[in-house]
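What follows is a group of structures, each given as structure tokens.
Paired with chain B in one complex and with chain C in the other, chain A is shared by the two complexes that follow.
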Partner chain A sequence: MRFRDIRLDDLLRNKASFLGLVIIGILAFTAIAADFIAPYDPNKIELDEKLKPPSSEHIFGTDQLGRDQLSRVIHGTQTTFKLSLIIVTITASFGVFIGITAGYFGGFIDEILMRLIDVLLAFPSIILALVIIGSLGPGILNTVIAISLVGWLYYARVARASTLSIKEKEYIEGARAMGCSEMYICTHYILPNCLPPIIVLVTLNMGGVILTIASLGFLGLGAQPPTPEWGTMLNEGREFLRDCPWLSVVPGALIMISVLAFNFIGDGLRDILDPRQQVIK
Partner chain B sequence: MTLLSIRNLKSYFVTRDGVVKAVNQVSLDIFENETLGLVGESGCGKTVLALSILRLLSENTVVEGKISFKGNDLLRLNEEGMRDIRGKEIAQIFQNPLSSLNPVLTIGLQVSEPFMLHRGMKLSDAWQSAISMLRAAKIPSPAERGKEYPHQFSGGMRQRAMISMGLACNPALILADEPTKGLDVTIQSQIIELMRELVKDRKASMLLITHDLAVAAELCDRIAVMYSGEIVEVSEIKDFLSNPGHPYCRGLLRSLPLNGMEPIPGNSPSLIDVPEGCRFHPRCKYAMERCRNEHPEMYEVGNGRKTRCFLYA
Partner chain C sequence: MKKINFTGVFVILILAVLISCVAFSGCTESPDAPDTSENNVEKGNSDKNTQQELIIGHPWNLKSVDPGLSGSNLNNFRVSEGLISISPDYKLLPTIADSWEYVENSTWRFYLNKNVEFHDGSKVTANDVKTALDRSMKLNPELQGRLNIKELKVVDDSTVDIITNTVDASLPGKMAYGAAGIYKNNEGPEGTISTPIGTGPFKFVSYDKATDTLKLAKNENYRDGAPKLDSVVIIFGIGEPNTREMAVEKGEIDFTTEPTLGSTKRLESDKNLNVIIHPLCQGYKLKFGDVSKAPYDDVRVRKAIAYAIDRQKIVDNILLGRAIVSNGIGITPGIEWRNNNLTGYAYDVQKAKGLLEEAGWKDTDGDGIVDKEGQKFKITLYTWPQRPALPPLAQATQSMLKDIGIDSEVRIMEWDAISDRKNEWGMITVAGGDACMMIPDPSYYIEGNFYSEKNDYNYRNPNVDALIMKGRTIFDKEERYDAYREVQRIVCDEDCAQVHIAYHYHMVVTDKNVKNYIPNPAHHDYSINKDMYIE
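Let's look at the complex of A and B:
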């Protein structure tokens, strides 16, 4: 199964991944168009309106500072999607680069890189991220750095494993017989052939990254108030959980839904790419 | 004129069970404008010999000797110099066209690659050259088929694409490693015809590796026979077919269906543990006392013919 075999209609045929695609589509649109569809300024404080329950004016109510909760989750979607896209791009490209280097050249380089990854994987990733943020200080930029520093490990492993099997293929020998340089072989032969599992990993990883961003936000280590961010909002709403549950329920539900949606897509992609589960048409 | 001259080539693989002497003291000349057949049974070192020429063997292989090509010793050239020769001066056509094509690139793009690598062409120019190469290899409607992927091609078409890739930069020497393997007889003869045509048109030389004597008889000017890592006979193809010298070659010809399909008794020896003396003596019906103890040289038999057998000493 190869990259070009991923077809959109296969994804749409699978109910779960179809649902996932629809949800992610809506959320992505919300994130891109946040400035236009949010009814209020997410940071506009109106203390007269604070802690209002959902109404026609404020669909998801208002928070303790009278800010419109709907506008805040809409902008929160933007924050989360932007951050997770940046993080996944960094981790996937760096991880794939390291993985292909280790797998293709092998030997000493491989040994060093893989042992380093083994050591880093021995710690739970959230602990490592906490340590890094602890030393760098909280904030959005540091969230990106912390999650990226621990996120590339799995990509490197998967890319290395694919590279090991691809580099023994005859077309690699053919490329060498044609006079291709090692660099050219890596970028034009190894990379495109090891993309399919990486794509599955990216979609599955998106959910995990969203969850980590939210966790760090919830712990007060990620995005700082007043930046609208789901995890931070969840934490702010915690104090008023008994009287104003909408403050926590809405961002919490969004975190759950978006993680679920990405996992649905990832599962769907994995099924498509797994030749054993192919339905004979 | 000699184009490529191999002298005392040794390619050894060091393994846990011992040293596998896949190519042992091989000396061979390929002249300009000729097709030299290299025949022998499976595992006698034909492919390793071809891979040694382009230095494509894995790093744990010991390769010694001298391979002169256009004033260079290929075994002493640096990696960059080798890259300039691979695909440009010496091209290889592999035996399994499906697994030798990159599954994620279109055929046209893959045939464009040698033009971009060795001629410094831009993609659009290289693509045009690739399409005309595919046309020369008689692929119907090459402009459309160039946009297809290897899995959309049939076996014969894939081999045509491989051939156009190999010939893209007008190499002086083509190493064709069983180019007709796995193809049915009709396609085989088409591919042979195509290769003969293209190679003659371009005034290139070819080393054709095969175990099919019929293919060799059709395509080659001269033939070299390998047995257990050694060349045992080099001869003009006509002389070889009418009057083979070495007892192994006589056996080979007699084993053809046309000549009664008489098998050669025994098995070819393991390359780790080769027999003393002449390597063929345990299976040879002419074996003498001398064959058991002494290793024969290549003896001149006349008309440029050499045979590694004491019968001609």
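Let's look at the complex of A and C:
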């Protein structure tokens, strides 16, 4: 199974992943066009308009500082998607780099890197992220650093496993016989061939990253106010949970929906890419 | 091929909603201490007239019942008492001490009330006073630092001399400090007290560490008559305001404090509850990181910030009526030594902009942010998350400062981490819970905030220091208070050392049958009264 074999219509045929794609499509559009579609400035404080229930003027109501909840949610989508894309890019590329290095060269390097990963995997990742943020201080940049530092481990493992099997293939022998440098072999033969499982991991991981960002925001360690971010909004709304439930329900539902959508796509991709299931098709 | 169809998706969604419903209702129904609430129901039904039990839900943890460590809690729940106590109208009341006078050479003499008995029936002697205070000061360095006591001397059975390190006119007020309660020293072999014996209207019965629950019973022999309540149960550590609120609504507890900010209207309209909102000697303010350094070394900048805050809007919309506007000093109206003639800083954006411009801060590049010598006025507002009103307050401040061209960033972190950042350029702390009556004496608030040696933001004014020294060493009450009033005028109207925003109003929610609760604004955050009863 090669990367180029992933065809969009396969993905669309699977209803769950189709739904996932549609949701992510809408959310991604919202994130990109946030500045144009948000009806109000998300940080504009109108104290006289505070805690208004949903109405035609403010579809999701207003928060305790009179900011339009819909605009905040839209900009929150942007914050969350931007952060999770950055984090996943960093972790996936670093993890794959480490994984291929360890798998291809083996021996001492492999031993050291894998034992390091074993040690890091022994900690629950959210605790490790909390510790890192605790020492760096809260903020968006530090959230990215903390989640990236703990997020690359699985990518490295998967990439190493693929590399171990790929490097024994005959075409690698062939490339070596033709005098290709090791760098060339890694980037042109091994990397493309170990991408499919990584792609699945990326989509599944997106959901996890969104949850981690929201958890850190909820604990007050992620995005700092007034930055609109789902987890932070959830926390701000908690104080008014019983009197103004829309403040927490809307960002909470969005977190759930986006995580669910990414998981649907991830599941769909895994089904397509799983060689054992090709037979049935 | 494994396929998840739409039906499956909907089943999952419905399940998720159901689970969250169950979890939510679970929260409301699971009592924090099942045994006590059951007791309440049983007692309430069987012998309503004979058994009066008050159940209190308290936000903080108790940690210890040793009066040397938890003196303030035991004082507020009326197990122990101090030599002196403070009345709701801020007067010093003789309690264990009948009277007191300044003798000479930094010595205060306290004459004890001969009728005061401990819960075990023994009389309180001068020796007990000395033992208790010596022990508390040894265990609690914070108390030792505040009391400024060199030594206690027993003169006779009912007279004790307290000798201070320096001449100190503020000592009587300090004796009303919650942590300076008097108790019987019955410490066990490991040096801790597990069954505190005090002199108050309620006796210690038991403390369960696992549920953080303290049980008290009435002291039949209390010198001013036995209390009406038979017993009091205090469930400590219900930190989440939503939980306390629901517990009192469902009748699991009879009395609690500080529910969520937005709940006032709903709770007030609940026929089964009483809502009491009363002043508490605490406030909200902006505290500059360092007033000896730019940009706050210029008093015009400090005043500009003070004028830029629309306090009425903050009180109405963020503190949601649980506060009143303060234009000047953090001493609650009604306190005797407060200077009531301060001009203060009423909201005035034009004046604020003018002051900034006078100080050289102008918007030269047209981006809406003022700058001076190439430096933009970009600052950080720090605050902490434990008080729910603070993060929104910080954000409102941010938007108000923006109106006069000051750009700011809000950062929410733990209190300890904030105090490490005092040296950052333009650092401001948005503070709440700023107490001015912890010790009922003007020196407590004024020295802590404005005395050169004690304040932590480099505020130095020799005139203020001289007046504070005067306040410490003269014993005529009016003359002394005048010195402190003059300090307030200087630090507020002349120097604008801090920007005070609002005085806090405390909210207590009780079952409608709980009667006779008299709030005491000088107690942090509340205390129970001897004469409370359940109808």
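We adopt the following convention: the second predicted complex is superposed on the first by the 278 of 281 C-alpha atoms of A that agree within 3 Å, B and C clash if a C-alpha of one lies under 4 Å from a C-alpha of the other, contacts with A are read in each partner's own complex, and residues count from 1 in each chain.
We take it that contacts are C-beta pairs under 8 Å (C-beta built on N, C-alpha and C of every residue); 3 or more make two chains touch, one makes a residue touch a chain.
Values in this document were obtained by computation on a predicted structure and should not be read as measured data.
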{"item": "Touching partner for A:26 - first (chain B), second (chain C), both, neither", "value": "neither"}
{"item": "First (chain B), second (chain C), both or neither touched by A:141", "value": "neither"}
{"item": "Partner chain in contact with A:112 - chain B first, chain C second, else both or neither", "value": "neither"}
{"item": "Which of chain B and chain C A:242 touches, first, second, both or neither", "value": "second"}
{"item": "In the complex with chain C, residue positions of chain A that touch it", "value": "14-16, 19, 43, 45, 47-48, 50-51, 64-66, 137-139, 220, 224-226, 236, 238-244, 256, 260, 264, 267, 271, 277, 280-281"}
{"item": "Touching residues on chain A, where the partner in the complex is chain B", "value": "2-4, 169-171, 173-181, 184, 188-189, 192-193"}
{"item": "Parts of chain B lying in touch with chain A, wherever the complex brings them together", "value": "54, 56, 83-88, 91-92, 94, 96, 99-105, 113-114, 117-118, 149, 165"}
{"item": "Interface residues, chain C side, partner chain A - complex", "value": "1-6, 8-9, 12, 16, 241-242, 245, 260-263, 266, 313-314, 316-318, 385, 388, 391-392, 394-396, 398-399, 409-413, 417"}
